[in-house]
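Below are two complexes that have subunit A in common, paired first with subunit B and then with subunit C.
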Partner chain A sequence: MTTYDLTLKVHRYDPDRDKSWVQTYQLTAGRILRFVDLLRKINDEQDPTLAWGSSCEHGQCGTCSMKINGKPLLACELLVENAVAQFGTTTFTLEPLGVAPVVRDLVIDTEKAYFRLDKVKPYIIRPKAQPGEGKEHLVDPKSLERYVTATRCINCFCCTEACIASHHNFLGPNAMLATIVRLMDDREEEKEERLKCLYSNEGVYRCHSSRACSHVCPKGIDVAHYIALAKAGAF
Partner chain B sequence: MADSVSVLRRWSLKFHPLLDAVAHLAKIRGWPYLAAWAHRITGAMLLLYVFLHIYTLSSLSDPARFDAKMKILGFAFFVLLEFLLALPVIYHALNGGRIILYEVFENRRDQLVLKWVIGLGGLYTAMLAVFMLAGNQSVSAPFFWIYTAAAAGCLTYVTVTRLRRSGASLFWKLQRISGAFLFLMVPAHMLFMHLNPAMGHDAQVIIARMGNLFIKLIDMLLVTAVLYHGSYGLYSIGQDYIRSAGARAGLLVGVTVAALGFAWAGLKLIVQV
Partner chain C sequence: MADRFKIRSTVKCDVLIIGAGGAGLRCAAEILERRPGARIIALTKVSHPQKSHTATAQGGLAAVDPRDPNDANIFHMFDTWKGSDCTADQNVVRKICESAWEQIIWLENRGMHFSRDPQGKLSKRTFGGHTRNFGEASAFRAVFEADRTGKGIMDTGWGECLKRGIHFIHQTVAVELLIEDRHCAGCIAFQQKNGTFVQILAKATVFASGGSGQVFKVTTNCRQNTGDGLALVMEAGLPVMDPEAVQFHPTGIVGPGILASETLRSVGGILRNKDEEPFMAKYAPKMKELAPRDLVARAIESEIREGRGVMNPDHQIQHVWIDLRHLPAEVHERQIPEVVSFFKHYVNLDPRTQLCPVRPSNHYHMGGIPTNEFGEVQDAGQQIVDGLYAVGECAAASFHGFNRLGTNSILELITMGKHIGDRIIERLERESSVRSDIAPCRFQEKFAGYFAAGGADHIGQIRNILRAVMTEKVSVFRTEAGILEAIETLRELDERARKTKLTQQSTAMNQELVQRWELDNLLAVSMAICQAALHRKESRGAHFRDDFPTRNDAFQYHTLVSTTDEFGKVELGRREVDMTIFGAKGENYEKFGLIERKY
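What follows is the complex of A and B.
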């Protein structure tokens, strides 16, 4: 069985002492272990105090997003052998995302990260009237086809982390995507408020089509394409 | 592109850690991300150069002083610098064209266009080097600029038409529109000036050329478009990174005052010469 001798340099933070440091862990791991498995292995065998987040561990919740050798990605989706092939090394630096304050080690305050998403109201604000008693809206398959990939966003904030515009004055590519999806959705009647948000100073003007969002998206969404549609006035 | 990353990485490991860092950044953020940074850096460089250019040309009111300045710029070192200026000029123009194609014309074959940016940029730079070395080309200024301005006008018109349906602000649209206009105009300006560098540095030749009303109009458009495009670009970068609202407002005021000041100096010069 192929195994790798790995070095993990983990950026740690202790809120009680307000102290940051980088801790190095050496471990041997099989080729198909994921990075969340490596972190669990460290917890079990070396250091139970290392904090990190995960929930579904199937690439659906975005809780385990972090930067590995500078690339924002989901730790539950990255296999050891793929990481070695991708980065050409067995030494990896693990950092928390910078989109929200760090709570401890690799865990960030996701509630604060979600503030920016809440601003765009990621739900149908004013639904179209029901077509009739007991009847549901039928979404035209052709119309759905235009934005169905965008609905796969899990709000892992990898795109926001990677964006050239930083995340201080920009709501973020995922927030833009959330509002664009609702603009493309036939069931949404509230277009004006959405467009106002989209064309605000924290909106599309902060996007410079560097397309890092599309490059890092773990769900393979071409985020930049949707934001570019908004700039071109497709809605 | 993935192959080019690994080739660049292998090459860089042999030669320079900086190239290694570039290859790593391309891997973790993608080539368009690097292209976007290069766009910003070249844009800031060109804006500074435009300020310097207007300042230098302002001495045209005293041809003897202008010729003395130009004599210094005739030294090999400055000629080399002038040639190297072609790199940010053509890169910023072509990459800007790529961004307009992506954002306004919904081109999604962006990776291919990025390769064209590099290829055409190299071709332009080589062509400019040949003209600078030959230094003996001559073309009528109104003839050259009628064709160039007509082509730039067409590109600008198509961009304006496409942007009509966009709900983005007028300022943002003007950034793209001025970009479409400058896409041909600035590289053409640089090319024209170097068809015969000796003549391009002669005060009397420049004054005689600028006496033409059509050339005056072209120069006015160039100064206005360049200063608007550059100052909006700088303001936009500040908006991305400056956290304090007060500092952002300060940057807006500073950039606007500087742009208006240089626009006034540039336009006054064009009218008076």
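What follows is the complex of A and C.
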């Protein structure tokens, strides 16, 4: 059995004392344990007070996003042996994402991160007239093909974390994706408001085209491609 | 110190939804759409509604398209009845199947990104157990959004509620229901982020708090699915129904338990034991790997039980192998790419050249809070609790009986969510005010007790023992001796839990405090499962008793379990199964009698 002796340096925050510090945990772990398993192991064996977030733990919900050695990723998808290979070390620094205030330790106030999404109205604002009782709108599969990948976004905010512009005025890549999808979706009739939002002060022109969003997306979405389409007005 | 457990504020609303997953939000959206301005508060235990367990559902939604000349609602009803092993309620089955297509259209018209056929219509695919002409041939009945149908429902429900002005309270759990004389007035909620308690009073309260998969060590369920809703209603003196009806998927990926879809076996994957011998022919000589879910799950468990399993050293879980190495590259690339990527992601191996570890994984709780066909919660005497509704996996109406068909779970969320919305709209027209005279009586003592304990035990370790014993003794195989052993262990764990000291005194984002509360819920739900499983001396659907391996129709009823003040002591009751389709003696009624579940 292969095991690794790991050092985790976890950024902690205690809201009761308004105090931040870095705490070091040593643990031995098998090769295919995931980082969420490591955090649970710390809770069960060393320190039940360490707070961290997760939900589905298989890459479908985006709750466990955090920065590990500086890279925003999903802790449920990072296996010990892959982490050691990828980062070339057995010492890892775990930090909460910076897209919302920290509640405690690695838990951020996700609700506040979502304010960015709420602003772009992640629903159909003005739906096309219903095609008749019991009928669906016809959506050409070729047209769907153009934006379907963007609908895989789980709002883990890894892209917004990595984006070099989104810590200022930019609403961020995932919020842009949500509105671009509805611009490409024929069932949305309210295109004008969407375009205004897209080309607003907080919109796509804040993007510096670093492509960091595409690089870190756990769902493999080429986010930058969609933002480029939006910049070109090519919906 | 007692200050921490004071109610900080009281909020009044029209409708309180406990759990903002697919079911809760479909219900809320219906009310907001038809009664704009209704004040709805939705609590979500997770950090945001989009993170709910609904979002992980992959397969699809079963619904008969009225334009389809080859399919009919009656076939869907029959499949559901047969799949349930004659324990679904036929009034509920009829209601859900008949309203299914309308709800698909509701989702589509509001922007869900369903997969399409070349004409641009909704694509359909087949799913296990769904047939036309009463079992004659597979039915193309499931509409889907690629392999993320649940996410589509979640995104649509969340978007519609956001659009129409719902008020979400995030990372918040209901800790006490306000019930008196069969009337529910709302709940006391604990807000995890700031560690405070609020009282929420509502004209209607809807439980939509999801499943209980964390009772078991290997599960496909989210970390938050700790059976809170079931525990809370039992604490309020109400029963749960059919808690022993728990479904296990045969092939969960070791160790997280993620689903490795049926497709792996249908494309030719072979199950092998630790000696790499194929073993399915021993259990199902003809069907082998293609035998039904529960049979395959029992075959795998048998191999493991008889010492032919393999121990995964990292996760400390026994498993068998599924062999995909012989399949052509094209199958790997075209037919099973997602599952192949799961093995790469979570086990770091290549299914083209390596054996893949799988074992049965807890998947779904058919049992839950008993309701009628309108989602109104019933007490042990089957009287309605005024103002209280339940929907989704936490509820049992019962659409699934003792075994759920694939693609029927998320269908239940959207149809029953809508029907309960209808019912509540009627109620809101009658009720002009909330009741504020029902005082809470339990939560303060409970939470104070958590902080007062002084022993040096450990919540996480107690939970791990609970999950291990439930997996070992009360999952795929059950025997009287095994269940009694589990009950004894649960009693010991309850004692240990009561004495366990919390490490930190703060209530704000105190994860250990929430886990302590969840542990009480897991203990209560586990005990209900055990007691009902002990009582049911037969095998039906997903409930398999090694000592009573066949179905005995003297048990063709729903089990009701109510708790008492003494942990482990329960009161059992029964509810008859609704057989109105059979009783109406209409066309094909004989298909809805006590038929065999044989495929």
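In this section, the second predicted complex is superposed on the first by the 234 of 235 C-alpha atoms of A that agree within 3 Å, B and C clash if a C-alpha of one lies under 4 Å from a C-alpha of the other, contacts with A are read in each partner's own complex, and residues count from 1 in each chain.
Note that in this section contacts are C-beta pairs under 8 Å (C-beta built on N, C-alpha and C of every residue); 3 or more make two chains touch, one makes a residue touch a chain.
A quick note: this is a predicted structure, and the numbers were derived from the prediction, not measured.
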Fit or clash between subunit C and subunit B when superposed on subunit A: fit
Partner chain(s) touched by A:V103 [first = subunit B, second = subunit C, both, neither]: second
Partner contacting more residues of subunit A (subunit B vs subunit C): C
Touched partner set for A:L195, first subunit B, second subunit C, both or neither: first
Touched partner set for A:M66, first subunit B, second subunit C, both or neither: neither
Which of subunit B and subunit C A:L79 touches, first, second, both or neither: second
First (subunit B), second (subunit C), both or neither touched by A:C159: neither
Touched partner set for A:C217, first subunit B, second subunit C, both or neither: neither
First (subunit B), second (subunit C), both or neither touched by A:V10: neither
Three-chain overlay, closest Cα atoms of subunit B and subunit C, distance in Å: 19
Contacts on subunit A seen with subunit B and repeated with subunit C across the two complexes: none
Touching residues on subunit A, where the partner in the complex is subunit B: 69-71, 86-88, 162, 164-166, 168-170, 195, 198-199, 201, 204-206, 208-212, 214-216, 222, 225, 228-229, 231-233
Touching residues on subunit C, where the partner in the complex is subunit A: 46-48, 50-53, 55-56, 66-67, 101-102, 104-105, 108-111, 113-122, 145-146, 148, 151-152, 155-156, 158-160, 162-163, 168, 170-171, 193, 222-224, 255-256, 258, 313-315, 342, 345-348, 458-461, 464, 503-504, 506, 508-512, 515
Complex interface listing, subunit A residues touching subunit C: 1, 15-16, 29-34, 37, 40, 43-45, 47-63, 76-77, 79, 81-82, 103-104, 107, 109-111, 114, 118, 121-125, 127, 130, 134-141, 144, 148, 151-152, 154-155, 182, 185, 187-188
Residue ranges of subunit B in contact with subunit A within the complex: 9, 24-25, 27-30, 32-33, 35-37, 39, 99, 102-106, 108, 110, 162-169, 172, 236, 239-243
